[in-house]
Each structure stands twice: as C-alpha cells, then as structure tokens.
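Both complexes shown next keep subunit A, but they swap its partner, so subunit B is in the first and subunit C is in the second.
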Partner chain A sequence: MNVDALIEGLPRFVDGLMLTVMYAGVSLAIGFFLAIPVAMMRMSRNRVIYWSATAYITFFRGTPLLAQLFLVYYGSGQFYQELEIAGLWWLFREPWFCGLLTLTLNTTAYTSEIWRGGIQAIPHPEIEAAHASGLSSFSAMRHVILPRALGLSLARLYERSDLPDPGDVLGVGNIDHGHNGSRTEYSLTGFRVLRSVPVGGRAVSGARVRLYMDRTQDRSQTPPSPSSKPSC
Partner chain B sequence: MPEILSGYGWMILGGLGLTIAVAVTSMFGAILAGLAASLLSLSGSVVLRAMVRVYTTVIRGIPELVLLLLVYYGIPTLIQDLSAGAGFPVEVNLNPFAAGVTTLAFIYGAFTCEVFRSAYLAVPQGQRESAAAFGLTPYQTFRAIIFPQMLRYALPALGNVWMVLLKATALISIIQLPELMRTTDMAARATRQPFTFFLIACVAYLAITLVSMWGQARAERWANKGIARSSA
Partner chain C sequence: MMENNPERPVAPQQLSVKGLRKSFGNIEVLCGVDVEAAAGDVISVIGSSGSGKSTFLRCLNLIEMPNAGDISIAGEMLPLEYTKTGPRISDKRRLQQIRTRIAMVFQDFNLWQHKTIRENLTLAPVKAKGIDIREARELADRYLEKVGIAEKGDAYPAQLSGGQQQRAAIARALCMEPEMLLFDEPTSSLDPELVGKSSE
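Showing the complex of A and B:
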C-alpha cells in the first residue's frame, strides 16, 4: 500500500468526512420535521391529498437514490432555460444543492412512513382523551400525539439514520469532474473518504439515541427493532 | 419502440434485463450466504459465532458503493501488487457482473443472516423437541419442520431486503456493467435529454418494485396458509 498517497490525501479525506457528516446531518434533520406534514397528508381523508402524498412516498422509496440524484442533478439541465427564467438555475447548477435536495426528499419519504406507523400505533382513547380535555387539534398534535408517536417509533427512526448514503452524493459532484478528467479521481476520493466514516458516525448516533430511549420511555413500549434495513 | 426513446429503447430494455438478472442472482446468493451464516451463528462454537458477528456488524456499517469499489478496483490492484512483488507480474481484470453480484450477495447476506437467525429463534422450541421425539434426524427436522415455519417469519423481512438490494443494483453502473442505470446514462448523454431518460429509469425501477410488492403479498399469503388468524 502506498502510504505517501494516503498522507497526501489526508486533508481531502477530512474535507470529505465533514461533507459526509454535513449532508447526512442536514438532510436527516430537515427530513425529520418535513416528514410530519407528509405523514398527516398520507392519513388524510381527502383523496387528492392522500394520493399526492402516496405517490411522492412510493416514488422516492421505490427508486434508487442514485437514479434520483441523476434525475435532479443532470435532469435539471434539460430545463435550463425554464429554470433560468424562474431564477433558480444558480441553485440547480450546484452539486451540493441537488445532493442535499434529493437526500432530503428521499429521507423525508422514508421518515414519514415511520412517523405514520408511530401515530397509528397510539391507542385511540389517548387521542380522544386529549380532545375531551379541550385541547385544540394543534395542541393535541403538539403535546400528545407527536411525543407519543416519537416514543413509539424511535427505534426505527434510529435505523433510518443508516439509509441516506451520502456516498452517493459525493458521487455526483465527483463524477462530474470525471467528465473533463479522470474517473479514477472519483473512485479514489470517494473510497478513501467514505471508508471509515459511517461506522463511527453510526456508533455515536446510536449511543445517543439509546441514551434518549432509556431516559424517556418505558422499554416495553419500544417496538422490536427490525434487524433489516426498513424499506417499502 | 416509442419515439421518445430516440432509438435507445432496445438498449435500455437490455439494461433492464441485466438489472433483473443481477438482482435475482445476488438475492439468491444473499439467501445462501445468509442461511449459512445464520446456521454458523446458531452453532455452539464461540469462534464461529464471533466471526459471524464481525461479518454482519462490519458489512452493515459500510456503504455498498464503497465495498463495490473496493472489490472491483481494490482486489485486482492488490493481486497485481503482490504478484509483482513476488516477481511474477500478472494482469487481473474482474468481470463486472461477477464482481457486482458477489459483492451484493456478500453485503445482503449479512442482512438475510439476521433475518434467518431471528426467524429460526421464532420457531418454538417445542417443535424441535417433538420432531426429535418422533425420531426425525436433525436434517429431516430442519427440512420438514423448522424451515417451512421459518419461512413464514422470514418472508416480510426478506421482501424488504429484496427491495433494498434491487435499488442497490443501480450502484453497479459505477463499475461499467451496462445495466439499467448505465444504459440510461449513456442514452441521456448521447441525446442530451437526461431528465427524460433518468425518469424512464425511475419508472422502470418503480415497476419492478410494484410487481415485487404484489409478489411478496402473494408469497406471504402462501406461507401463512393454514395459520389461524385472530382478525382479518
């Protein structure tokens, strides 16, 4: 193994590591909150709302993240003129924006199903009791339903942090460089940057979540954590 | 073939076929690897159990893309370096199909291993005892008593693994295998219509996913026949 190359690449490795953590963190954080209204739309009785949420979730859970990234990043180029007129091209031109947008949309779709599972697992009398105590729909949501749903789905939300592979995003930016230069550049940076990151990151976030779970809730309420990656 | 495909229809259809071939072969390999690993992890040997634990933990902490690149670019380089060092320089080129399928089977074997392990443990101990009392050999017990019951517990999670694996095959496009993602990528570049072609790719993946969901529901109904349900 070429040790010099590794040392030389170290600053880029660190840059890449920060980028990975940033992409994963930001998209998960936005997705966590954005998923709540999507989950409610998915439970709506209004057919238009229900089907639009269902179509969104099915699309993002049913297609590969790589295909979604290519669709947004390269695909937006096909609408260059329209985007220019709308004043959005300066955003869609940037790999970081397309990456973050796609990752967020992707993780929101998965997380909203987890939220929905949590909300639907709440025993119905608890929600009725909240309304009977005179809480408005918003207060009931804010103070009763969502905290309860969070407790019920926490184990699965943690597993969710496995899924958005920022590795794919690094691919987008770097494959683009590959067009004018070498594809190997991509393989080298991608590989070095990604190799050790997720293991450490997951261990840390896992420990955090476990701590929170121990603190906030009765263990018996935790649904058994599925051993496989959650998916469709 | 419709006009919108600008003559790339057959190529993309071929890519779709290759994607399905890769996914099915990898899934088959993953099931075999998972079954073997789960049997090892249930064996009495502490060493074997620890080995399986390391395998599942490490694999689940590494993004597929990284392992794919490591196998496809890393292993030939390693062999070439070693052989050059030993004085017999050889040129090694891995077949992308074989490298991709092996890597995916190896990765998703770690997931199916957990699935089979928990399914095996979910079959009540009394079943094994009564099989032994009837004089069945361990092989007969597994084949006729345990395995059919395991299937019932394992199918939902196996379906999940299949969906995730299917989407992970898109990553094989990175190692030049002309599957769905790669063929649409080539068509998108040649025609300068990336949005159209990547959308077609997404729809194709979505179609496989929807067919799989239907198939999974049928398979679960088949595996559950003869089981009393408390409510519909």
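Showing the complex of A and C:
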C-alpha cells in the first residue's frame, strides 16, 4: 500500500467526510418527514395510492443507489430541453441537487417502511382509545400514533442512518468532472471503488466516506482545480 | 341479553338507542337492541362472554360501526348514515365533538404507553376539549387522587400494575367530565375493596 499517497490524500478524505456528513444529514432529515406521508399511502385502502407508493418504494429499495444516481444525474441530462421548459433545468444541472434529490428519494423509501412497521406495530386498541376520546384524526396522529410508532421503530431508524452512501454521490461527481464536466459523455473506464473507509464509525453514524478514484486521473498529475470538485 | 333499569321517571332521554344491529360476517351479534336512559341512570349489561356486551358499548361511540339502528346522545343523533356500501360517518367533526361527551373505559385499559399517566389524563381534555393545560393537570391530579394513585402521575403505564392501570384508565375517562360513561368491564382487574371505592 502506498502510504504517502494516503497521507497526501488525507485532506481529500476530510473534505469527503464533511460532504458525506452533509449529504447524509440533509437527506436523512428530509427523508424522515417525507417518509410519513409515503407510509400512510402505503397503508391506504385506495388501490391507486397504495400501488403508487408500493412502486416507488420497491424501485428505490430494489435498485442500487449508484444506478439511481446515474439515472437522475445523467438521465435528466437527456431531458434537459423539457426540464428547461419546466423551469427546472437550473436545478437538475447541478450535481449537488441531483445527489441530494436521489439520496433523499432513496432514504425516504427505506424510512417509510420503517414508519409503516412502527405504525402497524401499535396495539390497535391504543389508537381506538385516541379516537374514542374525541381526538381529531390529526391530533391522534400527532400525539398518539406517530410518537408511539417512533418509539417502536427508533432502533431501526438509527440503523437506517448508517445506510445511505453519499459517497456514491462523490463517485458520480468525480466521473463527471473527470471528463471536463460534459454530462453525457462519460465512461466507466478506470473507474473503481478504491476503498470504503468508515470514519468515526458509529460516532458519525452514516458518515461513510467512500472515495471513488479514477486511477488514470490521479496519475495524470493534474491536481483537480477547485471547480472540478462536486459543488455543494 | 339487555337489562334495563325498570321504573324510570320520564325525563329527557340522555341515551336513546333504537333497533341497533351489528353482525360480523354471518354472525349477528346485536339483533335489534333498544335502550333508553335518562340522566343519572346506571345501566348494567350482563351476558355470557361473546354475547356482544363490548360490541354494544363500542357501537355507542361508533368505534364499531353498526349495521342498522339509530343512536342519539342527549337528543343529538350520532352522525351515522347507512349507504349501499355500508355504514359511514357523515360528519366527522360532530362525531368528535360528541365523543368528548362520552368517555369510555376499555376492558384492557388501552393507556397510551408512550405517555406518562398524567399525560394520558390531560391529552384529550386539552386537545379534544380545548381545556387549558394547567387546568387539565389540576383535574388530572384530582382524579388520580380520587382513584387512589395520586403518586403515579409521572409513571408510565408499563410501570403500573394491572389494577393501577385500570384505575388510571377510569381517571382518564373522568377527566373528560363526560355526560355519559361507558365502562367495559371496568373492575376486571380491581380487587373487591377497590371496586367499591372506584364505584363511588
């Protein structure tokens, strides 16, 4: 192992860690709340609502995150005219937005299933008691169902925070910028997972720095210019 | 299976149930129950297990939806309508409002496990009836004392014995200061001495 390269790369690891923590934190926080309505939809008796939530969850839980990132980041590039008309291109052309969007959609899918499990684990009579005492559906949800579900699924939510791999976002960013920022022309040649480094372990839960490095890019001795870093 | 208090003075009916029917699948549990009660009446429903006592009580606040029949509380009809697809609640708001006037004590207490006993007692008065939180706490402490578990206000339901939980559940119902109390086997977990005390 080349120790020098590791020491040299240390600042990049720290950068990566900060970015990872930020991506993980923001997406988990948004996903935590967004997952509640998705969980409700998944428990809906309306077939259309149920199936749309199920399709969404199955897709995001059933495909690799990296593939989803490619799909959103490069896929949206294919539709840039349409997105421009919709007035969304200024967002979709930004790597940070695509990264955050995908991570959020991904983590929402997982977290919604945790919420659902928690809600369904509540002894039904407790919910009945809430309704019987005249609480509105909202109050029952806010004061009885959700806090109770949270208590029941806290352990799993904590586990969840270890799962998202924002390092993948850096991976996509790196490939992209390795090719001068052209979004549609990219190749996977030389692209590989160098190492998965869990930093700080559980202390920074979810903060897994995974640096994807293009070897050829590293050897070309052209230090990445500030602009070639994935913006965030 | 229904037993009504016989001689009752004619007074504005607090509770009036007409032709209440409820079936689960093919089993008809309630086949046309009529009950009338005036304010101050105490009605006991006696029957073997599985005869529909709980179902009857649960129909009174529409926790269980009856298949037919009218229920009115203090002259106000429960907002229930029977459609081709089955019974449905026609006015949710009004039902919630009526439910704050009917408190129910469940067979297995159904205290909210994530809340302390005091929070269990104050939640509905504050959120459903709109009582001030301080007032609700005073009320809660008063009723906790009345049922003999004044010192348990800060405990969680799981830290209480079955009998204590049942008394907490009774206190929770009393805190709503309801016009009507529905007890589903309210003294199943209480020892005989406490039964007398709680009944008061």
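Operating definition for what follows: the second predicted complex is superposed on the first by the 169 of 232 C-alpha atoms of A that agree within 3 Å, B and C clash if a C-alpha of one lies under 4 Å from a C-alpha of the other, contacts with A are read in each partner's own complex, and residues count from 1 in each chain.
What we mean here is this: contacts are C-beta pairs under 8 Å (C-beta built on N, C-alpha and C of every residue); 3 or more make two chains touch, one makes a residue touch a chain.
Since this is a predicted model, take the numbers as computed values, not measurements.
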| item | value |
| --- | --- |
| Partner chain in contact with A:R12 - subunit B first, subunit C second, else both or neither | neither |
| First, second, both or neither for A:G151, with subunit B first and subunit C second | second |
| First (subunit B), second (subunit C), both or neither touched by A:S136 | second |
| Which partner reaches more residues of subunit A (counting touched residues only), subunit B or subunit C | B |
| Which superposed partner A:S76 touches (first subunit B, second subunit C, both, neither) | first |
| First, second, both or neither for A:T63, with subunit B first and subunit C second | first |
| Partner chain(s) touched by A:E128 [first = subunit B, second = subunit C, both, neither] | second |
| Subunit B and subunit C contact sites that coincide on subunit A, given as residue numbers | none |
| Footprint of subunit A on subunit C - complex, ascending | 61, 63, 92-93, 96-101, 103-104, 106, 108, 110-114, 123-124, 127-129, 172, 176 |
| Complex contacts: residues of subunit A adjacent to subunit B | 58-59, 61-68, 70-71, 74-79, 162, 165, 167-168, 171, 187, 190-191, 194-195, 198-199, 202, 226-232 |
| Interface residues, subunit A side, partner subunit C - complex | 123, 125-126, 128-137, 139, 143-144, 147-148, 151 |
| Subunit A-facing residues of subunit B, complex | 58, 60-66, 69-70, 73-74, 111, 114-115, 117-118, 157, 160-161, 163-164, 167-171, 173-174, 181, 185, 188, 192-196, 198-199, 201-202, 205-206, 209-210, 213 |
